[in-house]
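Two complexes are shown next, each including chain A; its partner changes from chain B in the first to chain C in the second.
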Partner chain A sequence: MDMTTTEDLRARSRRRKLIIQTLLLAVTVIAILGAVRSAQQNLAALGITSGFGFLDRATGWDYSFSLVERSIDDPYWRTLLVGFGNTLFVGFVSIFLSTILGLIIGTARDSAHPAINAAATVYVQIFRNIPLILQAVFLYSVLIHFPGPRQAVTIADAVFVSNRGLMMPGLNLSLGVALGLLLTLLALAVALILRKVPLLRGFGIWLATSVLLCAVTAVVLRPEGGTILSIPELKGLRFVGGITVPVELVAMITSITLYGSAYIAEVVRGGLNQVPRGLTEAGQALGLSPGAIWGRIKVPMALRSIVPPLGNQWIFIMKATTIGIAIGYSDLFYIVSNSITQSGQTLELIFLLMAAFLLVNFSIALFVNWLNARLQLKAH
Partner chain B sequence: MRMSYADTTQRLGLWAASFRKRGFGTPLASVISILVYGGLAYCIWLAVDWAILSAVWSAKDVARCGDTSGACWSVIDARHRLILFGLYPYEEHWRSTLACVAIIATVILSCFPAAWSAWRLAVLWVVGFATYYLLMEGSLLGLRQVTTDGWGGLALTLFLFSAVVLLGMPMGLGLALMRRSEMPVVRLFAMVLIDFIRSLPLLTTLFTAAVVLPILLPSWLEGDKIWRVIVAFALFFACYQAEVFRGAFQAIPKGQFEAGKALGLGYWSIMFRLILPQVFRHALPSTINMVVVTFKETAIVIIIGFFDVLASAKAAFGTGEWSPHYLEVYIFVAAIYWVFIFSLGQYGEYLKGRMAIAER
Partner chain C sequence: MLHVNTYVPIYRTNKEGIMKSLIAIGATVAALTTLSATTASAQSATVTQIMERGTMLCSGHNGSYFGFVEVNDKNEWKGLDIDLCRALTTAILGDPEKAQIVPLSWAQRFPALQSGDVDVIIKATGWTMGRDTELGLQFSLPYFFGGTQIMAHGDLGITDATGLEGGTVCVEAGTTIERIVANYLQTIGVTTNNISYESAAELRSAYLANRCDAFAAWGPFLAVLRATEIDNPDAHVILNDQLSSEPIAAAMRQGDDGFVDMVNWTIASLLIAEEEGITSANVDEMVANPPNPRVARLLGVEPGMGERLGIRDTWAREMIAAVGNFGEIYDRNLGEGSPYKLERGLNNLWSHGGVLYAPILD
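And then the complex of A and B:
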């Protein structure tokens, strides 16, 4: 092959690549411009003014659940924020619970004891192989068919389950104090991680401090004349005192936790499985107890391969909260969907919904990357 | 590894000995064994008693449902057609039945190694899907026409599932190739699209397709809601599947591309004759996993207003006389999902193990 043809071929290939890329760019731009144009026409035909001005208008409709006071006079921005808070609340509670449960079940799946292993396998195979939304509506139906408060199913007369939800004892604290307590505990968790305390011991310290701190706050800062513990009591047709968790929230957290923990258990089992046999045997030879082998050898070694897929599961759980609308839990998707029906500001609302999920999932991914970097073995 | 009969019995004996040692080696282990097995046996007994021994089976015996402590399967006997086929015309149900059989047969046939080449799988799925569509729609076969609005129940779930996999697989391959491209604009386009879709909940993507797209598209491009949702779902599938393919691409040594180039083969020849057959092999276990997840996720379309198997289940106990038996209906539908997903999942696990041995 002489030089000119090679040069020719190179030039032709470069030209072709340039044309393909220009075409792709052009098609994308045309598609976006076309979408903007037809959006303008369609919105004009519907008589909708675009923009975020509607956020200040009062909504005029109520929804099922919020952590803070709500009213139908709330503006859209506040209602959307409440929905976002509900999503984060259910997401983080479910992530927390399913991680702990997944760690336990995954360890059981890795157990040499055949019976423990079998029980964990049954758990994983049941909850992983049925669609989450089916589990949620199933559980919700079961819960709303529970007897009313007067015939509520009870455990030790302190925890009650009725068709109104789950009533359980709580600390007698005002909302502000409870919020402050929560933030303190969160700060403590961050501080423990930053001080590079080993994860498991750190969690132990955190749990012990939390219990102690809650008890002390409850004794010192309880509202005037209140008892330390508030226990639900049947007064007439409803319960007074304690914490009431509405049916929708119980169904959401329980179903997401069961489903998520089955997946996390598989991640944990995979990680524990990858720890070389020789290391556990070395632990046995040193006379370590099974608990010490698990806590000091297996888990620290396994965490390195567990954390990346675990992060994916956390993001998955966050995304799974959108099933709330199927059982009437007012998460962000529910609120956005309702707002679209009521206000017609479809594009703005879907933009906010997407932005919120991108923000949360991106933050979780950042956190997991950071955790992962911290866990990797340092090069010597 | 081939085992003789003697080997098998010996292994069984070893397994039994190890089981005894692990399960009953210490007093504590024995206590745990007895408690767990006892608990499991008790649960199984309760389930068998409820679902089989004390159950009422026939729709004619529905009056007896009040007396028994067991399940009232009468509701399934009476309403199973609604659950399986939705509001499809009653006298045409043989068509839905055959159509569902076509899809299930397609899935089962794809599991045989004899079907594992890109062409055979493509032909199999196109034929299976076409059979389904022709039977359900009917007008091309000279049968009574039933449009997609009339489809429902398990038949609709299977339709969504097969359409999404069939459309999503080539899209996923395309995205994976784009993501590996030497051209920066093409690569960036694929990267942004894949990461964007993967960060959003599936429901958001489907909701956008169902509700938001009609605003963004000119009316001549709008199409049916069901097709918009299928295309969006396929895009979701493709973005995850592209990552599966990407992992498989990474398992192929770079030398193979270079060897292809040195032989004077063009890009498409290298891809289709050299690289992709190996990529498909590597990607198979994860692909099966993706297919299983997709089948599970189709359940979410009830939220954007499709009459899938979950919606028809709700309708099945929605009328007054059947409303006390919601539990039986949900368990029936859960069992359908479970059997599909469990068996496909186990098959994927088996395949993974087999390929791990082949790789050694």
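And then the complex of A and C:
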């Protein structure tokens, strides 16, 4: 008797919850549909053309940077994709660099050595407390005051530094081949990590393979009649050949990395601080070197508390790429912002911008969750 | 909302025969009987809103666009476009101080207009087909003509754009210039790298630091910049290429014909005042003793000026007293009275070799 009543109550509670959930979902869907519908009607009433038809139209304007060929005849969808690629490029490079730098600075913050500790503290306080956009604009104005291309500073007539950027020799490869090569090397790195090859040996293997693979590809797949190496050369107003890293890209990556690494350093320091003192002391008692204590005890223990906030920092760094418009780097926000004035499709473009960032940052979050689950101590 | 057909141009038909007038009057009567809430003066919804609010919201700039929309270190706005806004504000509200300037970047201006953050855009805005049709905007009479030009560092030794092959051209983001430059350079077969910046200050410093070989902008702006902002004007050349000539007009939201009339007749009255020699100095004299019926009508000595737009008869008189005629506005902001000393050229009255003209005041 008593049992059935409890069962009944439970079933009723479940039903009630289900109804509430359904209602909430229904209200949300109706609200979203209503907002879209009302936006459409209002736009129509204002005489504004809405919809995604503009994506197929040629843009007619140029922008500063792309990893692939670009033209003013490109349709909007391609231009937006290029911008997205630029954002991902700057984002991932900055995430990679700031994580490494953050790890170093964070360890220094944890150091018992006062000078190292103080230097790291100064670094963190400076780069964490100045707004990123200021740092980027400042760095950019310093960089553009370097000598012009015709007075470029050169190292052995192969590497040039000027206010247009860094020009260096590159392998004479077509874009597709270079991209394929890059992906192969990335796959190799992932494979090595998954097979749990020790870090240093794994890196050695990867480096040797990379050099060999690049050399072979460069010899075998170079364009007809071309040289193996392409060396930058001043022709008219610009450098031709080699690899050009434009000054906007340098300023973006440097400022985001400095800023992001200061935050990551704090995350790392927090993680290292949480490792129980007893563990370090146990290591010392066993006569382990400080390096071994750091690499075998502190970092593996600290990683568990570092990874979740680290994921937040990665997402934050990805979002920080939107400063590009201030210094003329054509990231997704720059392209979207330009497209808005040139096409007038504000709502559609903002929607695409949000969707793109949601996609990337949600993927990063998923990856961090996966990493976190993998790193959990099984019996913890 | 007022219906469009309540504003029937019965005042403009006196030369076109009595039949048309009768039809027009008939249409007006019909419209008035169907829409009893409206009056013959047909004041526009935007004008009503501005009057209720007590201020006029105009577009400023995120920084200074010299000669047109400038802000000084006391946060005071000036420039040709700002003065036109003040003229319009005086026309509607009787006081130039009631103009409120909302700082907007080039990219923000149209969304800001559409969302009602500003009442009108008077900000060196070119009249394009896309803006006119797809963006739901409406343009006034053009009040300025200026074309896109390119300024380059003198030490490049070039005089026209073909010399820019392989160079870097900087432009301001989200302007028609971006498109005009890209289009022109592709047409003449010159490959360049174009960088655009959202902020004019950032763009200027990038050009001066030689990050860009050339700076593409609106001709009058380049001339102003070269004359005043650059330490050594001779070290920079404005290339011979005339990339475009844009009609610059005020932009309004589509669908308020009454407000379009208001803006058009503000600009027209400033031009007529210049034509008739009415200045801020002699306007009271002209009111006391109008030399001809056109002046009497314009200054509200004779009724009609205000009623047609649904505002005061004396609006043009107050406006001229506050900001002067078009020539005075030009001289103060761009011409002899300004640091820039730009020739009027095309932007003179038709009677002085320019292309500016006003519709007929009858």
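One rule holds for everything that comes next: the second predicted complex is superposed on the first by the 260 of 380 C-alpha atoms of A that agree within 3 Å, B and C clash if a C-alpha of one lies under 4 Å from a C-alpha of the other, contacts with A are read in each partner's own complex, and residues count from 1 in each chain.
Here is the rule we use: a residue touches a chain if its C-beta (ideal position, glycine included) is under 8 Å from a C-beta of that chain, and two chains touch if they have at least 3 such contacts.
Since the model is a prediction, treat every value here as computed from it, not as a measurement.
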Note to self: For the three-chain arrangement built by superposition, which of chain B and chain C touches the greater number of chain A residues?
What the structure shows: B
Notebook entry, point to check: Touching A:Ile340, do we find chain B (first), chain C (second), both, or neither?
Noted result: both
Next item on the list: Classify the contacts of A:Ser64 with the two partner chains as first (chain B alone), second (chain C alone), both, or neither.
Entry: second
Next item on the list: Identify the partner contact of A:Arg164: answer first if only chain B is touched, second if only chain C is, both if each is, neither if none is.
Entry: second
Next item on the list: Based on the superposed arrangement, let me know which partner A:Ser141 touches: chain B (first), chain C (second), both, or neither?
Entry: both
Margin query: Quick one: is A:Ile133 in contact with chain B, with chain C, with both, or with neither? Answer first, second, both or neither.
Written below: first
Next item on the list: Could you look at A:Ile325 and tell me whether it touches chain B, chain C, both or neither (first, second, both, neither)?
Entry: both
Margin query: Per the definitions at the top, what is the overlap between the chain A residues touching chain B and those touching chain C?
Written below: 43, 137, 141, 145, 325-326, 337, 340, 346
Next item on the list: Quick one: which bits of chain C touch chain A in the complex? Just the residue numbers, please.
Entry: 106-107, 110-111, 114, 130-131, 133-136, 156, 164-168, 170, 173-175, 178-179, 181-183, 186, 192-199, 202, 205-206, 209-211, 213, 253-255
Next item on the list: Could you please specify the touching residues of chain B with respect to chain A in the complex?
Entry: 19, 22-23, 29, 32-33, 35-37, 39-40, 182-186, 189, 196, 199-204, 207-208, 211-212, 214-218, 296-297, 299-300, 302-303, 310, 314, 326-327, 330, 333-334, 337-338, 341-342, 345
Next item on the list: Enumerate the contact residues on chain A facing chain B in the complex.
Entry: 17, 20-21, 24-25, 28, 34-35, 38-39, 42-43, 112-116, 118-119, 122, 125-126, 128-135, 137-138, 141-142, 145, 315, 319-320, 322-323, 325-326, 333, 337, 340, 346-347, 350, 353-354, 357-358, 361-362
Checklist line | Sites on chain A touched by chain C in the complex | finding: 43, 45-49, 60-64, 72, 137, 141, 144-145, 148, 163-164, 235-238, 240, 247-248, 325-328, 334, 337-338, 340-344, 346
